[in-house]
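Each of the two complexes below includes subunit A, the first together with subunit B, the second together with subunit C.
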Partner chain A sequence: MRSALYAEWTKLRTTAGPFWLVVLAAVLTTALSAVAARAVSCAATGCGVDAPLVALTGVQLGQAVVAVLAVMVVGDEYRTGMIRTTLAATPSRAILLGAKSLVVAGATLAAAVPGVLGAWLAGRLIMPGRGFTAEHGYAPLSLTDGGTLRAFAGSALYLTLVALLSLGIAAAVRDAPTGVGVVLGVLYMAPILVAVVSDPDWVRRLRQIMPSDAGTAILHTVDLPSLPIGPWPGLGVLALWSAGALLLGGLLLRLRDA
Partner chain B sequence: MIGLVRAELTKFRSVRGWLVGCGIAVVLMVLLAVVAAAGTDARVGGPGARAELPRASDGTPVLDGFTFLQQPLAGDGTLTVRVASLTGVALRPPTPDEPVPTEREEATPEPWAKAGLIIKDGTTPGSPYAAVMVTGSHGVRLQHDFIHDLAGPADARWLRLVRRGGTVTAYASTDGAAWTTVGSAPLATGEMSAGIFVATPPHQEYEQFVGGTSVVGGGAIATGTFDNLTGPGGDWTMVDVGADDSPNRPEGTSTRTGDTFVLRGGGDIAPVDGGTGPKLEQTLSGGFLALTVLAVLGVLFVTTEYRRGMVRTTFAATPSRVRVLAAKSVVLGGVTFAVGLVAATAALLVGTAIRGDNAYPADALTQVRIVVGTAALIAVATVLALAIGTILRRGAGAVAAVVVLITLPYILSAAAVLPAATADWVLRITPAAAFAVQQTVPEWPQVDQAYTPAFGFFPLPAWGGFAVLCAWTALALAIAAALLRRRDA
Partner chain C sequence: MEATIEVNGLRKAYGSTVALDGMTFTVTPGRVTAFVGPNGAGKSTTMRVVLGLDRVDAGTALVGGRPYRSLRTPLRHVGALLDASALHPARSGRDHLLWQAHSQGLPGQRVDEVLTLTGLADVGRRRAGGYSLGMRQRLGVAGALLGDPPVLMLDEPFNGLDPEGIRWMRGFLRALAAEGRAVLVSSHLMSELQDTAGHLVVVGRGKVVADTSVADLIAAASSDRVTLRTTARTEAMTALARVGATVAVTERDTLTVDGLPADRVVTVLSEAGVPFSEIAAHRATLEEAYMELTRDAVEFRATEVAR
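Let's look at the complex of A and B:
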């Protein structure tokens, strides 16, 4: 396992793409968060805006980059034929996928942690100027506050789980563009479905089972009982999706010739 | 060029996976139409609205409820009145603890509260009418057939309606002596009801939160005080028009003290708010999934050539690279337009079959526009994917770029993550502006509602939004052509 891990780390480290994708994910997460923080405003006490959630809007964009990064870890090997060498060196499909998962998770965290910290900084610096002041009942975003910490740390975990979901899907479809299409379709479908379905029971069920919607429950800090699913159970649903995708990818990897 | 197009067409149709992809796009679009239609329990006009709303002459569903003090008017005639005052109270929304809403303190009328003169063909909701009125904050208006609204002087309090043959002319005055013409409206001849009326739309506040926008509203009651009333003659009788349709509406009352009449009540005479109910374009919401699938094909159409080395054969056969790009764009655009047309038509038919006519009505021309518009949106977006794929030469990044450029702004705006002003701005400049081709609900200047993307209202007209996407695509194609010429394959 250690040698497989080392091999995967070397492959990731020595290609230019992943590094720039990590940088891009961090920058875009922070940038969109800053734009969103600049866009909202709070006119009076009780404006009902979930400040950490707004400051984490960038996660919606960051997840697309993270998905590309994870998909390419598998997709590029199929593109270049490298996969045959890899499988010759590490015949156990389970160990290979495990090593890839660890490396991808590490790379995603390397993007998510600075990205999320940047989002926090953007929120902390910009939002007080938009009416999120003590008079309106908003303390500056602080990572020592339990709910806020859960939202920010949780969004890094969310991005990591999205990366693992993407990795599993990529192993199943074996083609990077298709893999990205599938992942983004699955992730972005939830908000559009929720917007067109008006039956409250349907909406509730959809928001409990769709990976992006259930997963982003972790970003909420106010009015949690009204959410269809709690923060941690929601992240658990996404984790189930990721585990399912990895299982499917691993199974197909084992059953098919490379 | 024709040979080149045929070559590209052969490349496209001979890859089985791409044909399967086209099929998947159609299936996904229909599937989402089924989910959207089956998961709808809302009604046009909001919860509690009756199944058959009254209609204006062009089929627009309307509200027609007001407090009406009327006399019969057989032929020509003149009505004059002074609206001494128009005030209003907003009602708190009913809560479980308090099913009967209490009145709120402030007494400013709703902006579109109405008090004035009306001639109406009977008291059945939906019948033709012509009315001149003082409004809460929009001055004197002449309205007829629900959808027509004409502004008069802002500060006049004296109103006059003159019926001559098939025309009703409205006048307004500040002093009852010097009259200015507001305008005239057609109205059939025959016996009708004529008199004074009061109506006010409910009080609504739009609360926006991350992840959605909700309408918080209670009823409202307007009180109009009238004097100097002259009508066609006969007994004044009060009718609560449309009261049977909306049991929650406060009861209308009229009291007379000498020559002063006080009318009090709710209701409204206006087109319904189309934004909050089910809309026809919701059956086409699978368009973005179809677009994602086809964008993958668009990217693969060029990146696979690089991956397989086919691009060197292609360029050897056709040294003009711009022509190759043009041929690819034509083939891809044409094929995906056809696929989009099939998918959108099927989705609309299936969605309508499940949901029945429980959606804001759209005439045949609008339905053709949203179907053809969706197909064109998908086709142009796929060509954008082709161009970005040519620029990046890496499939994964190109697919992500296209989906993020088109879908993410739409999600952030329509799912009300961004405030309305920012959402409007985003839907003006990003390729997501093209989703305006799907808008079916019209904006009414005489109805206050949240005309925001979250309720299906786009800042640009259909062709304008589509032009934004085309501009992005043209720019990407130009960059792709320039890079194709400069780079080695």
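Let's look at the complex of A and C:
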């Protein structure tokens, strides 16, 4: 496992693509958060805005870049045919996918941690000027506050789980464009599908099991009981999706001809 | 570990197309085994099966007595070149070898060794996407040699090589076999393996058509035909006809003798006191012997294509 991990790390660092995707994910996460922080305002006490959630808006965009990064780790190998060299070097499909998962998780955290910290800094610097002040009941965003810390640290975990979900899907579909399409469909189409369901009970049920809806519960800090699912159980649902995708990808990798 | 590849009764079908139909052969150490047959005969599929890349419906493939997927550091047991173009174009040749070395617990120093061995030391740090096909073949061979394996398996390594590259590859394969390695080399052009292969596994339609040593094959295909140059044409024809040979005149002072080995021709002419200036036994090339052998096994005959 260690040598497989070393090999995957060597692969990742010896092409420029992954590095720039990590930078892009971090920059876009921070940038969209800064834009969102400038776009909201709080006119009076009790405006009810979830300040950390606003400051984490960039995660919605960062997840797409992270998904592309994860899909490329597998998709590039199928595009070039290099997957056969890879499987010849590491015949155990389980070890190979495990090594790829760890490398992808590491690269995602390398993007998510600075990206989310940037988002926090943007929110902390910009939002007080938009009416999020002590007299309206808002302290500056602080990572020592339990709920805020959970939302920001949780969003880094959320991005990592999205990346692993993408990796599993890419291993199953074996093609980068298809992989990106399926992942973005799962992440962004599900909320749209939920919107066309009229029965409120079903909407709630769907939002409890959809990976992006359930997973982003971790970003919320106010009015938690009104969410369809709690922050940590929600992240757990996403984790199940990721584990399921990796399991499916690994199984197909084992059963199909390379 | 024993340096062998053992392929036993491989069967594989893609839908109704049979790719492997009981493929069975053994590659033994110390010689180059040529794996030849027309395109689509199952050579590449067999190699992919040996590497655990493709599954089979029946049969087994063992490297050194073990299934490939059970090997922990497989590149130390068998080095393979399947598709020289299967690399990331943006990665340098050296880095392409480096990740493979790391996957086997081998140091980066080994990468530089095989780059030198294959004549790529100067271009190792350039993007592999800019390599010619010949350079990619060398890079693929370098990858196969990384783990210094006792077994080597190369699929069409001559593809894209210039004459100098072909010469280099032949010598290289011979040297690897001389070191006691088992070397399996596939090709659809038999002439590439002239003077290189010691053993021949000929396949057609997913199974082995012939499994023979190259020396035996050539001897069998070489008929007793001798070319003779002499100024005493009539005397020579008379003397040779008397012992039962068929003699034909091909040029003014050149005869072709059928049905008598060269040493007997020499004896007969000497005893009869017939002078001759040149005598040459016709010897089939590996290519001719191979064509003879596969005449019936070729998947698409020229006549069929012509229709």
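Definition applied: the second predicted complex is superposed on the first by the 257 of 258 C-alpha atoms of A that agree within 3 Å, B and C clash if a C-alpha of one lies under 4 Å from a C-alpha of the other, contacts with A are read in each partner's own complex, and residues count from 1 in each chain.
As a convention for this text, a contact is a pair of C-beta atoms (placed from the backbone, for glycine too) under 8 Å apart; a residue touches a chain by one contact, two chains touch by 3 or more.
Here the structure is a predicted model, which is why all the values come from computation and not from measurement.
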item	value
Contacts of A:A258 with subunit B and subunit C, given as first, second, both or neither	second
Of subunit B and subunit C, the chain that contacts the larger number of subunit A residues	B
Partner chain(s) touched by A:A16 [first = subunit B, second = subunit C, both, neither]	second
Which superposed partner A:S142 touches (first subunit B, second subunit C, both, neither)	neither
Which superposed partner A:W202 touches (first subunit B, second subunit C, both, neither)	first
First (subunit B), second (subunit C), both or neither touched by A:A7	second
First (subunit B), second (subunit C), both or neither touched by A:T45	neither
First, second, both or neither for A:V68, with subunit B first and subunit C second	first
Partner chain(s) touched by A:A88 [first = subunit B, second = subunit C, both, neither]	second
Subunit A positions touched by subunit B in one structure and by subunit C in the second	17
Subunit C residues within the subunit A interface of the complex	48, 51-55, 68-71, 73-75, 80, 82-83, 85-92, 95, 98-100, 102-105, 143
Of subunit A, residues touching subunit B in the complex	17, 36, 39-41, 48-50, 53-54, 57, 60-61, 64-65, 67-68, 71-72, 75, 79, 175-181, 184-185, 188-189, 191-200, 202-203
Of all residues in subunit A, those that touch subunit C in their complex	3-4, 6-11, 14-17, 76-77, 80-82, 84-85, 87-92, 255, 257-258
Residues on subunit B engaged by subunit A in the complex (per definition of touch)	32, 35-36, 39-42, 207, 209-210, 278, 282, 285, 288-289, 292-293, 295-296, 299-300, 303, 307, 394-400, 403-404, 407-408, 410-412, 414-415, 417-419, 421-422
